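For reference, the structures are reproduced in the following blocks.
Shared between the two complexes below is chain A, which pairs with chain B and chain C, respectively.
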Partner chain A sequence: MSDPVLSVRNLTTHLTTPSGRITACDDVSFDLRSGEVLGLVGESGSGKTMTALSVLGLLPSGVGRVARGEIILDGTDLTKLSRRRLREIRGRDVGVVFQDPSSSLNPVMTVGDQVVEALAAHDADVSNASGMRRAVELLTLVGIPDPGSRVAQYPHEYSGGMRQRAMIAIAIANQPKVLIADEPTTALDVTIQAQVLDVLRAARRETNAGVILITHDLGIVAEMADRVAVMYAGRIVETGTVRDLFRNPSHPYTVGLLASLPLLSDMGARLQPIAGVPPSGTDIPTGCPFHPRCPLWRERIDCVEVKPPLRAVGDGHFSACHFLEEVPAAGLFAREGRT
Partner chain B sequence: MTVVAASIHERAAAGEEILSVRDLVKHYPLLGGLLRNQIGAVHAVDGVSLDLRAGETVGLVGESGCGKSTLGRLILRLIEPTAGQIIFRGTDVTSWRGAEVRALRRELQIVFQDPLGALNPRRKVGDIIAEPLRIHGRYEDGGRERVFELLEHVGLEAVHAGRYPHEFSGGQQQRIGIARALALNPQVLVLDEPVSALDVSIQAQVINLLEDLQRDFGLSYIFIAHDLSVVRHVSDRVAVMYLGKIVEFGDRADIYQRPTHPYTKALLSAVPVPDPDHVAAEGRIILEGDVPNPAHPPSGCRFRTRCWKAQPVCGEQEPALVARGHGWTSACHFPEGERSEDNT
Partner chain C sequence: MILAGFARRLLQLIPVFFVISVVTFAITRLTGDPSALLLPLDAPQEARDLLRADLGLDEPIWVQYFRFMEGVFQGDFGTSFRYRQPALEIVLERLPATLELAVVSLGIALIVGLPVGIIAALRHGTWIDNAVQFVAFVGQAMPTFYTGLLGLVFIAVNVSWIPVGGYEPRSLRHVLLPALTLAPFMIAIIARFTRSSVLDVMGRDYVRTARAKGVRERRVTMLHILRNALIPVITIIGLQVGALLGGAVITEVVFGWPGIGRLAVTSVLQRDFPVVQAIVMLTAVAFVVINQIVDVLYTLVDPRIDLYGRER
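Up next is the complex of A and B:
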């Protein structure tokens, strides 16, 4: 297997808030290889976006801080770099697509100028003319109709789906090694989402970048990802191939998420929700953060006192559960819970 | 009118038609020019007919701008229709005013998508739930106990009445919104994206709650959502909307297993399936382009600009809703899988 292009080791990120310090990422480790899609899934507040912002060096300043761990991109530890060096790498080696394209694009610059700006920021030799030619190529690649004239338009003249295509064009302008897409289709309608997911696939083929796809939608994960990491309360609780996760889920939280989903094939069989609510950043339970909601807990002391480490379930398949041998594929959430 | 108003307050028997809308239209004027004259209209809802039976759930699906939320608000008389009729329990309530609308509100209630935005942040939960009782003069007579009972119905506790909305999680806030909607013991709830803002594990809790309440109180639901999997789960019948019109309406099984309108088919095909081994039977249909501007909908069939089957006739003639089976209609000149047998 090839060396990872990005290797995150024991990443711990703190946020300072008025109500106290939050551990947004707690000992997060994963590898990303060129050309693969790693799905990062979890519910709101699980730490997916903070993991991405840590990698990008874009934690809110004065609030967020990488407290521990390494983020190694192609042999360089990003946590050791100055803000200036980091800025050079961001946009060249790491591209990013956020959920809301309207707030990521500059409203008073044409889309073409924004692509040229991204190119010129990392390559002093880019002229306006060669940059514009490249911009038209990129807009063509992401499927913007009539790119020759669209390149001179402003973001407000684009539809939501087209803006997200333009964001992807900018993100891949410099052939990045890593592309981070944070809920890239959450704001879009389902038929437009299908278009944009197709564009993301094309962008990965074109650049051979490793893609971190952050989403709460398990359908998108199943469709797009090669491997998956499931996050809960700042920790990765299970990781493996897409097939491992969906066919042989080995953490009670993953099993619970899958049982909560209404399926297109289902005809009204009762859903099996997870009891309770995800913890907020300031009151994460001790030991295994999932234990108060876990049907396997049964008052056992280990779950309350010891943070379970990731243990191998199979080749490349890990689960952070003290009692993962007890996780059956079905029936775990037979009794319904209520908040 | 008093006689009529009294009859709407009787509980409908299961299966009886409780609510119907006929050719409902809502146009929003577009103003322009120096004198702010009307230069056009946004066709938010453009000739929709729909019926709801007691005890059932009708799902309304479609993408942003298709008019599903506007339709929900028209039914509640929160906004005035441009044309058409709203009939509740056999009585045309379209032109009802003032006290009559208040009487209607006892039977028709709405739950919104954003629970926190729909709850007054400065009032305690008990007061929020009691408000409809006070407005309708029902608080004095056992209102306090009714609030506790409602909290229990939605899976909360009496102690919660003394807290403020921000002290609750998103799922609990939605439960509070549901308790308020149930306060006057209505017969119909319009649920406008009730679980879209919630995380997956919480979404399932609220869906189960809505199912329990429907069974326990014989409620009828209009369930508006963009999530096709959720709509399939909760609905008995489903209406698919596109640019202000219903393009297909029928039983859940028909709509999801044998869609006849190309838009329904494309919409279902676009949903990512949480199964890595899933392969779409006929490959994924990816529609081109965006939904057209509802101020200038295409001539003829509104879907034709994105439809792979479009022919010249589609631009010239608007397809009517045609029966495809028992109570199943769709509006397409070239429907999918034309079935030879007709099971009416």
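Up next is the complex of A and C:
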């Protein structure tokens, strides 16, 4: 296997809020190879987006800070770079697609100008004319109809799906090595979601970038990702190939997530939610953060006192559960019978 | 196309002006009988009747109103009871002084208010921001007559080349103190509004997008933050301009500034109906026209706004 293009090691990110310090990412490690799609899955507030913003060096200023760890992009540790060097890397080596395309584009700039801006930020030789030609090419690539005239339009003249296509065009404008897509389809109509995912696939083919796909939708993960990392309360609790995770989930939380998915084959059965609520940032349980909601806990002291490290389940398949051996057999979140 | 739309919108304002004319006309007449002020206290009743007939005040009020409107459409607002001169002429005579004061004070307010608001927002949460907010709060709370008196006591008295009052056309030393009196309130409003607008835009997703593209911070600030943040500030500035054109009553009185504001006060006190009517009507027109200009400016700076349903 090739060397990873992005290697995150023991990333710990703190947020300072009025109600105290939050550990948004806690000892997060993962690798990303070129052309690979890594799904980053978890509930809201589990640290997915903060992981992405840490990589981009875009944590909210004065609030977020990488406290520990390394973010190695092509041999360079991004956490050690000056703000200027980091700016040079953003948008050139790392592209990003945000969640809500209707608010992520500047309303008073034409889409073309916003694409050109991404090019010009990293190449002083980009003229308006050459930039616009390239912008039209990029808009064509992401499937915007009539790109020659669309390039001169403003975001409000685009539909939601087209805006997200434009965002993808901006993200891949400089042939990035890493493409981060943060909930790229969440704000879109279901019918548009599949199209945007197709565009993301095309963008990955075009750039051969490693893609970090942040989502809470396991369906999208199953469809798009090669590997998955499941996050809970700022930690990666399980990671492996998509096949590993869906066939052989080895963390009670992953099992719970899968059980809460609606399946066509289970029509009529009730969905099985995970009991309780995800912990809030300032109030993360000790030991394994999942233990208060975990059906395997059964008052065992280890779960309360010891943070479980990631342990190998199989080749490239890791789970952070003290009792992962019990997971497959337990029938943790058995679905209720058909009614 | 913008001009045609502009004209169309002005036509829509005719009912507004009609209502304003009725209201002003009625209210001035509620203040009492002008002849009581124009003649000595011991003047005989015949003299009063004669004067009232001469001023047209003996006719039924609706006849007076139609006379007045007939004149307005010909650009004639009637003759001042006091000065025996066309009312419009008297008002226009005072206009340059008011304009001068308006331009200078607004200029000061913009030059100070905009940067201060922007800096406070960009440095939000720091002592600079807190200081700006505090000073703006005080500035907005301070009554004009008080700032004016402070200016007189501390500046005019000590700085020999600044007069305590009076007016000379286009004379900086004369306009400076009245303008500085008017400015703090406007500075405070503009700075506060600019600050909150910039702060709002700074948190928008598209600003994060610009940073994610690797755009230089200066360009992010100028092009993505300020460009968007200053659009709503235009409205506030427009409102200030409208208010200024009606004359700054207190400042003009404090500094003996011969502008429209002072004229309005004396005319009301003297029941000089034609002059009051002319001032109110013209101020209303100015206010409305400025609002229209603001709307047009919006369409120029914000592509999302399409007032006139232009063809795409």
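Heads up, the rule we're going with is that the second predicted complex is superposed on the first by the 330 of 339 C-alpha atoms of A that agree within 3 Å, B and C clash if a C-alpha of one lies under 4 Å from a C-alpha of the other, contacts with A are read in each partner's own complex, and residues count from 1 in each chain.
The rule we apply is simple: a residue touches a chain if its C-beta (ideal position, glycine included) is under 8 Å from a C-beta of that chain, and two chains touch if they have at least 3 such contacts.
Quantities reported herein were computed from a predicted structural model and do not represent experimental measurements.
When both complexes are overlaid on chain A, the residue A:Val96 reaches chain C alone and has no touch with chain B. In the superposition on chain A, A:Val277 makes contact with chain B only, not with chain C. After overlaying the two complexes on the shared chain, residue contacts for A:Asn106 are found with chain C alone; chain B is out of touch.
In the superposition on chain A, contact is made by A:Arg87 with chain C only, not with chain B. Which of chain B and chain C touches more residues of chain A: that partner is B. Once the two complexes are overlaid on the shared chain, A:Ile220 sits against chain B while remaining clear of chain C. Counting contacts by the rule stated earlier, no residue of chain A appears in both its interface with chain B and its interface with chain C. Those residues of chain B whose C-beta lies close enough to touch chain A in the complex are 63-64, 155, 169, 171-172, 175, 199-205, 207-209, 211, 226, 228-230, 232-234, 252-253, 256, 266-278, 284, 286-291, 306. For chain C in complex with chain A, the residues that touch the partner chain are 125, 204-206, 208-217, 223-224, 227-228, 231, 301-304. Touching chain C in their complex are the following residues of chain A: 56, 58, 62, 87-92, 95-96, 98, 100, 103-109, 117-118, 121-122, 154, 156, 167, 170, 173. The touching residues of chain A, when paired with chain B in their complex, are 43-44, 145, 159-162, 189-195, 197-198, 216-224, 242-243, 246-247, 256-264, 266-268, 270-274, 277-278, 336-339.
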